[in-house]
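One structure is given here, and the rest of the page talks about it.
First chain written, first letter: the chains are A, B, C and D, and each begins at residue 1.
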Amino acid sequence: MNDLAMATTPTLTHFLVISAALFSIGLLAALSRRHAIYILIGVEMLLAAANLNFIAFWRYGAPSPQPTGVMIALFSIAIAAAEAAVGLALVIAVYRHYRTTNVDQFTSMKG
Amino acid sequence: MSTVAFFAIAIFTLAAALAAASFSKLIHAALCLALAFIGIAAFYFSLGAEFVGLAQVFIYVGAVAVLIVFTILLTRRESDAPVQFKWSGAVVALAVFAGLIWAIFKSPLPGGAAPAVAPLTVKQIGESLMTSYVWPLQCVGLLLTGALIGAVVLVMDEKP
Amino acid sequence: MSGRFLDQIFISTKQLLLSFFSGAPNWVLQLISSLINIAALLGVFLSLFALISVLERKILGRIQNRYGPNRVGPFGLFQPVADGIKMLIKEDIVPLRADKVVHFLAPIMMVVPAILALGVIPYGRNMTAFSIDGGILFFFAVGSATELAVFMAGWGSNNKFSMLGAMRAIAQMVSYELPLIVTILPVVMIVGSLSPDAIVAAQGAYWHGIVPRWFVFTPWGATAFILFFVSGLVESNRTPFDVPEGESEIVAGHMTEYSGFKYATFFMAEYFGMFAISGLAVTLFLGGWQAPFGFLQWIPSYAWFFAKLCLLLFVFIWIRGTLPRTRVDQVMNFAWKFMLPMAFACIIAAAVWHYQGHGLRGWLWSAAVIAAVYFALSYFLESRKRFAPRTYRFAE
Amino acid sequence: MNPWIVSNLWLIPAIPLAVALLILSLNNSRRSVCAALAVIGQAAAFILSVVALVPTLGTPHYLAFVNFTWFTFGEQALRLGWMLDPLTAVMIVMIALVSLCIFVFSIGYMAADKNFTRFFAYLSFFSAAMLGLVIANSLLLLFICWELVGLASYLLIGFWIDKPTAAAAAKKAFITTRIGDMGFFLGLIWLYHGTGTLLFYDRGAGCMEPAALAGLGPAATSIALLIFCGAAGKSGQFPLHVWLPDAMEGPTPVSALIHAATMVAAGVFLVARVFPLFNVGAVHGVTASLTVVVWIGVITALMASLIAIAQADIKRILAYSTVSQLGLMMVSLGVGGVAAAIIHLIAHGFFKALLFLGSGSVIHACHEEQDIRKMGGLRRIMPLTFVTYAIGMMALSGVPLFFSGAWSKEEILHQTAHWPGGPWPYYLMLLGVVLTAFYMMRQVIYVFLGRPRGASEHAHESPAVMTIPLIVLATCAIVFSVLLTPAWPWLHDYLMGETARFDARLLIQPVLFVSLVLVGIGIGFGWFIYGKREGEIDPLQRAQPGVFRFLEEKMWIDEIYASLVVAPARFAAAFSNFMDRYVWDGFVRIVGGIGQLFGIITKGVDEQGINSGVDEATTGLRGIGRIFSAAHSGQIQAYLGAVAVGMLALLLLYAWLV
């Protein structure tokens, strides 16, 4: 870690570590809270962490004529937006039905 | 870009993200999420992907965060419920973090500063979208339309 | 030569100021340059805000056949100073049950994006505060944060009127953001760039040496401009779309629980938003800082820009003095059923215009497209239940 | 190089398709808008078809095509395309014109139907698929359109879905043609395997061009027969004809469109299109595959004519007549008379559509009554319908000189007579001509002559929107014959790429007299038997009740299928059920019994002293089950956590391996 802190400009590893941390925080939000919206917040963070990786690899990888990393990040943002819309609609629909957003109480699928 | 700026953005982003994950008031968490996304957009800017950064701010802060707060509003009855925190989730998250860090440091990555490349213009992105990525673009368009209709249908009143 | 000097006088002044720091490292220079830009922006627009706030009251007064403020200073021009002092010394009330942090942050969140958005507009030749490649996108990216600010104001106040107002505001802002953005697409398509500078540059020449190549003089541009302007009215919550703060229904909407300087900040943010939208409209459709006639080019470019800006602001005020407030459901229906299809029609019309060679033929064809869509929409939206009883839907 | 229309030929099917989609998206109450849209779309397609016909007139052997790559599949590029040659040109003109007439007719016929707009959407969709089929320059595109045609016909036959017979008929049509399509699909795959392309013409590289055909060798016969399976299914040839008469459950314009003019013609068109494939290795124009085609055609034509004699439903008679005429076309194809087959196909398209629309007019007038025994005397009540129907009837019977059907039929007979494969098809075809004239005469007498009976008493002439298409089609049926006479065989030569010359001496051919005599026999016989008909019982039934019953019951072919195909399937199902229930289950029971035996033994062992025996073990098993069931907690977070842990495990595994 020492050489990381010493570098004058951030390297790929810096970004990967940040992305990993963001990913873990997203996972934390998605796993440890009972409110359905926290789960969605967590999932959004997971996707953002992945996007950060795409961009970082695009920037630090070998230069290519196609900005593939950027493109994938863009599509991923679009998909995340779709996911958020449907997910939140589901939360509202479920809330109307169960009158709660506590995911621990959605147990109709319990095996 | 200097390391100082990098660490400043990193601390800002991670703090906002952590706040979003741990604040007990849902509305605060959602607002912190917006902050975290602004931080990530700053990362994109620093990596030379301005367009993605702007799109990130536009979509996440302008649309997704608004959606989330609207949903919070519509499901308000529960939002002030006592905090229930599952520690098992924290343990798993921590383990994943450790695993990721270990994997990052174990894999051979190119070190040093990023190679100097010409800045990515919006025109380039547009051309890529309309040539090599036109099929994914159409698919995403379909997906978004589907998501739009699906979301509307889901929240529509069941009563006629 | 004097015209050129006058045109670039502000740039020259800035260069002069920067030359005092010629020994400093590059990043210091950049910082100072940005600070100068910001200071200039804030200075200009705060004065404009003061001016417009009093002018609005005077114009409204004239429209209503009365004088308006005329006691403080010559013609009442110092009225804003008095207002400012009043606002500053008023008691700042925060409700007991309010979410203090959010309540405090909301006005700041409201005004910051508006100021940021002002930064990418070219005010004159070489006079763009932050010249970035995706300027238009930047404008909307930061602009979209105001919705969150409105929500914060509504939520943080913990008041049902505030919340209702915020929900109305967000609903209509989200709805009108779509036509707003879709109407700029034709311009972006034709110019091939998201940079405001490039868009202004593309409107530089004159057809047959007389008619300026402003996009408002093409059928799609005119339509898009009108749609943009209407959406802008909604986005800045101005009459006739000031449903979110309709006094007779919900006191003052999301600003109900604000007083003193915070209220003034909201007020300022509304005006700054109005400036930003008008400035963007000028940039996109009215040729930015370009002169309307070739022989008038000796007048400095920023003068033209602010002249156009003031013209649009006058229209804002004029509309406010003339039209009554619309109903919530009418506002929303109008956005989704008319504005959005028309905005898409503009895209098609612009494409037709482009591929018909930008000439008279393209002009007629794209006019035909616009007219066809307009009449089709009028036909299909003609609803038989116009006078039927309203049905109400409530959020849960 | 190519005229504008060649590169834009796709517009012809695209316009009706777009119209269909547009209509489907419109409100059900906008009836006049929908009808206008459909008719305008079809008219546009017709005009474009005529435009497409123009360039083919000038040049003999005109052939133009546009190919493009649909998508690339690894190394393989799947290419589609459309083409324009005389065959395509006359087919699109005929289809578009007949469809246009039928669309107009439908406005009147379906006026009272509540699903009026849906009907027009289906009609347009059908027309689009059919037009797409004939312009295809790729067997694959042809197959796609072929299946779309099948789908459209399914939707149209079952249009009155609340009528159980209609639903059953739709299913029957769909499944029966699917059997044929299975063969077609296999043939298509085999052809692709053999030639590596499915384009018909591709500058020497297409699958219908000599290079590819020579490479196929003996496989060509099998491929041709497989493709013929599809054609037989669609064109209602002998083993697969059963769906066609049942399909008369659909609205009459549908019967006219699908079962007269267009869809059934698809099979004939397909054989004509891939005729080079059938012709591979021909000796004097005879190949094994063509011989099969001939005999299937002969069997179909005769059998259908015979059945038609004993039917009572006005549309069923026409349906069987269609089957028999299609058999005739197949015979013509089989003996090498491609042009004759297509000519007859087109002529038949006109007059059969006319007959169906005429029958629709009659049915409409008789308040949805279809039984000819309950009609009569309509000659005076519906003169326009009667005249046009009589023209159609004479064209179908082959009354010489003035009616298109006669010349085309004669051309086929001429071809058949010179077939080196043997004289029998010719003789049997002559018999078929007699039968055709006979049963058509019977029908006309029943429906139009005599005095009004039952349903026809309160009949009335149909509105103009229904009679005008009849008049147009009748005119076509007559005028068309000008292009067919042996004296000036313009259409034949146009199709074969020759220049037509007028030669009045050729007008009178020996076959003309033969057919004149035969038609005379048929009509005269019909008049003789039915002319002074009294009472409800058919004179033939009185004379030969057994034979008549046999024919009336459609030679029991449906029943034979029921016993040969359906019954074995049922038996197989019952057998499987038996095997499952008794044999395999018994086996399982034996295994279970062994387990029980072990249980008893272990229980014994347990009783010997090991108290924590079987009971404990089963408890443990239940516990394990409960643990596994607990994993399915229904808690989304648990699943997410499991995913995270799994990802971590994979990460560690990967890092450890690398």
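To be clear about the criterion, a residue touches a chain if its C-beta (ideal position, glycine included) is under 8 Å from a C-beta of that chain, and two chains touch if they have at least 3 such contacts.
Here the structure is a predicted model, which is why all the values come from computation and not from measurement.
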{"item": "Chain at maximum distance from subunit B, centres defined as averaged CA atoms", "value": "D"}
{"item": "Inter-chain centre distance, subunit B versus subunit D - centres from mean C-alpha coordinates, in Å", "value": "56"}
{"item": "Whole-Å gap separating subunit B and subunit C, where each centre is the average of the chain's CA atoms", "value": "28"}
{"item": "Cα-centroid distance, subunit A relative to subunit C, in whole angstrom", "value": "34"}
{"item": "Shared interface positions of subunit B, touching two or more other chains", "value": "51, 55, 63, 70, 74, 86, 88-89, 92-93, 96, 100"}
{"item": "Where subunit C touches two or more other chains at once, by residue number", "value": "396"}
{"item": "Residue list for subunit D, restricted to those that touch at least two other chains", "value": "637, 641, 644"}
{"item": "Chains grouped in pairs wherever the two touch, ordered by label", "value": "A-B, A-D, B-C, B-D"}
{"item": "Touching residues (chain side subunit A, partner subunit D) in the complex", "value": "27, 30-31, 39, 103-104, 106-111"}
{"item": "Touching residues (chain side subunit B, partner subunit A) in the complex", "value": "1-3, 6, 10, 13-14, 17-18, 20-22, 26, 29-30, 33, 36-37, 40, 43-44, 47-49, 51-52, 55-56, 59-60, 63-64, 67-68, 70-72, 74-75, 77-79, 81, 84-90, 92-94, 96-97, 100-101, 104-105, 109-115, 117, 120, 124-125, 128-129, 132-133, 136-137, 140, 143-144, 146-148, 150-152, 154-155"}
{"item": "Residue ranges of subunit C in contact with subunit B within the complex", "value": "99, 101-102, 132-134, 137-138, 140-145, 147-148, 151-152, 155, 163, 167, 170, 174, 177, 192-195, 393, 395-396"}
{"item": "Complex contact set, residues of subunit B against subunit D", "value": "86, 88-89, 92-93, 95-96, 99-100, 102-103, 106-107"}
{"item": "Subunit B-facing residues of subunit D, complex", "value": "637, 641, 644-645, 647-648, 651-652, 654-655, 658"}
